[in-house]
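Scrolling down, you'll hit the structures one after another.
Below, chain A partners chain B and then partners chain C, in two separate complexes.
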Partner chain A sequence: MKLIGIELYKLRRKHLFPMIAIFLAVEIAWAFIVTGRLTARNSEIAGWESIIAMISSMNGLFFPVLSAVCASRICDMEHKGNTRKMLFALSVKPIKLYAAKYACTSLVLFIAALLQVLAITVFGIACNFERSVPLLLLFRFFTGTVITNMIVTVFQQWISMAVRNQAFALTSGMVGGFIGVVADLFPQHIRRVFIWSYYTGLSPVSQLYMDENVRFFVRDTGSLMPVIMVLIAAGIGIYLAGSIHLSKQEV
Partner chain B sequence: MIYMFKRCISAEWMKLRHSRVWIILAVLSLISVFIGFANFRMNSEVLTKGWYSLWSQVGLFYGEFFLPVLIAILCAYVWRLEHLNKNWNMIMTAPVPAACIFAAKLTVVVFLLFFVQAFLVILYLVSGILAGLGFLLPVEFSGWILRGWVASVAIASIQLLLSMRIRSFAAPVGIGLCAVFIGLGMYVARLGMYFPHSLLTTGMGVLSQTGLSSGENLLFTAMCLFYMTACSITAIYLMHRSDVVA
Partner chain C sequence: MNEVITTYNLSKKYGDVYRVRDVNLSVGEGDIYGFLGPNGAGKTTTLKMILGLTRPTDGKVMVFGKDLKENREFILKKTGSLIEAPSYYGHLTGLENMRVIQRLRDLPARNVDEALRIVRLEKHKDKKVNEYSLGMKQRLGIAMAIMSFPKLLILDEPTNGLDPAGIGEIRELIKSLPQRYEMTVLVSSHLLSEIEQTATKVGIINNGIMMFQGTLEDLKKEKHPAIMIRTGNNELALELLLKRGYTPLPDREFLLFENLSDEQISHVIKILISDNIDVFRIEERKKNLESIFLDMTGKGSSL
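Let's turn to the complex of A and B:
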């Protein structure tokens, strides 16, 4: 806990939260404009499902990049100041430092996902959607986003810590974002391999094009459970590999 | 002055020597062309306009998403070294004008972007030939590539200014991605000629493959020059006026 507090303390003048707010504002504004236009053309599809599906698909692009940016900023300060040497000399265990940085990045992204849910709720109320706020649907959307964020962050943190040149971490974030956008075009067995595809993969709402019109369907929770288990297991595997690799790396 | 400028460029090349930044340049171009090509092949029943349809797919992925972010990463990288190890003090006390330092960085980025565009041409040709489209390229193709490069220079000037002022590597890249969406909005709102990222969309014919008229070409060039000059002058002014944080 103390190390997590220190990591957050290091971020106090990094302007990370305003940057995330701007980033989210652009994404949410874009999603709201597109959804507004879509529902104006076809009032049958207006509802909570359409905005959740739209934000989920846009998260596929935005969150991998946001995760890369956050992980890079949190890890790069140790590279820039050569402070890992100093921290290890002060008996900070590499595994604990790695865990604290991971917790800190995950917390920041958790807040970002929470802000998104709030924005969706406000948008839905402002648009006078027929049904009341679907708390369960929003909770499932939030959980899916947070789980995927945590897995993507595991991967990003490993790269940001292992490679000093942050251009590679940012590039992998961008490539991940791109895969997140186009993943729905891949066959399912290929899509499952890419961790970035789960922003839409774990979304409670799926969209299909039928008769040149887009239709939204609410997914069954039970069908996603095995996928979530495998994803979490993969995340733990990547985390342990990264943590062990970094703890054995010469500083 | 020219001698000092040359020395600055050679210093910038030396800094990039072992950076492996070429891997990033190549990988991002390869991925965008590969996915554009795959999408073209998978939807060949709908995409029937040959080289134009291929460009609509390749250009969309490359020009709309990858190139602006690639420029942002490249610009952040060329300033990264100055933000490390108190190098700002060293660079500002070097016996060269601040203008030469900024201009040398811009020149290096412009050169690298030229190679990226050339690599895109090769990849586009290879993918078109593999798709069996023959050798008759669209007449607008050279214009798309050239205008794409010119618009890239305008974006690079802005990103260089941002990366110079913001010490973080990732923040300017994040801003660059946000600008992509603002640019897309500006293009949709028919204001594509007034924002650098939508200038790239317009210039490369990403969303509409019709060529630009001579008046539009003039406005396009003028706007790119304006952004390039304004950002360069601002950056050099800031280098002169504000104190460095090493």
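Let's turn to the complex of A and C:
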């Protein structure tokens, strides 16, 4: 806990939170405008499902980049100041430092996902959607986003810590964002390989085009559970590989 | 005297090349140990191994009488260090950097103020470290290292980037630490003058091999003074003495003899006189530390 507190302290003057706020504002505004137009054309599909599906879809583009930026900012300060040797000489264990950085990035993205849920709620209430706020649906959306964020962050943090040049990590974030957007076009067995595809893959709402119209369907939780389990296992594997790799690196 | 650091055949190999080979370092309690060597001699690698930042290929490190491998956390809690260039968070102020270390080490706030005062950074503590000069960064690094007033302080080339006044200040600070705070200091440098004025004990490393370890007096004694003889015919004298088993070296208008006992000097003079070679001058040339260092490392005294 002490190390996480110190990591958050070290984020001073990094302007991370204003940057996230701007990023989220752009994404949410975009999603609301698109959803607003869509539902104006077809009032049948107006509802909580449409906005959740839209945000999930856009998260595939925005969150991989956001994760890359957060992980990069949090890790890059150790490269720039050559501070890892100082921290290790202060008996900070490499594995604990890695964990603290991961927890810090995940916490920041957790807050970002929470802000999205709040924004969706406010949007739904403002649009007078017929049903009351669907707490379970929102919770499932939030859980899916947080899990995917955590997996993507595991990957981004490994790159950011292992490679000094952060252009590499940021490029990988952008490539991830691209895959996140186009992954739904791939067959399912290929899509499953890409961790960035799970923003829509774990979304409680799926969208289908039927008769030239888009339709939204609520997915069954049970069908997603095996996927979530495999994803979490893969995340743990990548995390351990990254942590062990970096703890064995000499500074 | 208790040994604070002892290394046993400490070695580090990168690929097929030994960067450090069989180094047996011995630093006593209260020592200011000057670890001397030209650039690339293996000083930093040795210090990193002592701090557990680099794994030795071979050998053992004991600090405070305990094996580093098994007691790293205990040892590092009592050790302050500055290795290579100073480490810092450039986007934070000097004070915020100190607070990071303070929180990591669970130290009282007064230690921060005291350490900043010692290195004379109080007036710049609220400035971002990215805006510091190299010398200020170096002083911040030293402040971070001494902040917990550790039992053992390891400084790797601490005066890098400092101006002459700053070098003098750090030198005085290092000198005062054992008495004021009962610290043992291990300081590395490639500058002989820096070590000469502060160290109570020195170690000289070159190409990863320990060339010498002891007090400065021991170092001076290590090399016997050279004897310089000027004769009426140096060429003939050289030829004659070589035949008699002596190996003088021509040095301008002198013949230079290394490691000659009094009896041998007398014998050399007798040979020259008996062969009618005039002897004009016999001089004893004592080597200063700089030339001893030069002899040992085969390089200049500041490389």
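Heads up, the rule we're going with is that the second predicted complex is superposed on the first by the 251 of 251 C-alpha atoms of A that agree within 3 Å, B and C clash if a C-alpha of one lies under 4 Å from a C-alpha of the other, contacts with A are read in each partner's own complex, and residues count from 1 in each chain.
Here is the rule we go by: a residue touches a chain if its C-beta (ideal position, glycine included) is under 8 Å from a C-beta of that chain, and two chains touch if they have at least 3 such contacts.
Keep in mind that this is a model prediction, so the values were computed, not measured.
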On the A-aligned overlay, A:Gly5 touches which partner chain: chain B = first, chain C = second, or both, or neither? second
Count the residues of chain A touched by chain B and by chain C, then name the partner with the higher count. B
Who does A:Leu170 touch here: chain B (first), chain C (second), both, or neither? first
Per the contact definition in the header, classify A:Val251: touching chain B only (first), chain C only (second), both, or neither. second
Please work out whether A:Trp30 is in contact with chain B alone, chain C alone, both, or neither, and reply first, second, both or neither. first
Does chain B (first) or chain C (second) touch A:Lys14, or do both, or does neither? both
Which partner chains sit in contact with A:Phe194 here, chain B, chain C, both or neither? Use first/second/both/neither. neither
Considering only touches as defined above, state whether A:Lys80 meets chain B (first), chain C (second), both or neither. both
Does the superposition put A:Leu185 against chain B (first), chain C (second), both, or neither? first
If you lay the two complexes on top of each other, which residues of chain A touch chain B in one and chain C in the other? 14, 80
Using the touch definition up top, name the residues of chain A that touch chain B in the complex. 14-15, 19, 22-23, 26-27, 30, 33, 61-62, 65-66, 68-70, 72-73, 76, 80, 165-171, 174-175, 178, 181-182, 185
Contact set on chain B toward chain A in their complex: 19-21, 24, 27-28, 31-32, 35, 39, 42, 61, 65-66, 69, 73, 76-77, 80, 83-84, 168-171, 173-175, 177-178, 181-182, 184-185
Quick one: which bits of chain C touch chain A in the complex? Just the residue numbers, please. 48, 51-55, 72-73, 76-77, 79, 81, 83-85, 87-92, 96, 99-101, 103-105, 128-129, 144
Could you list, by residue number, the parts of chain A that touch chain C in their complex? 2, 5-6, 9-10, 12-14, 77, 80-92, 250-251
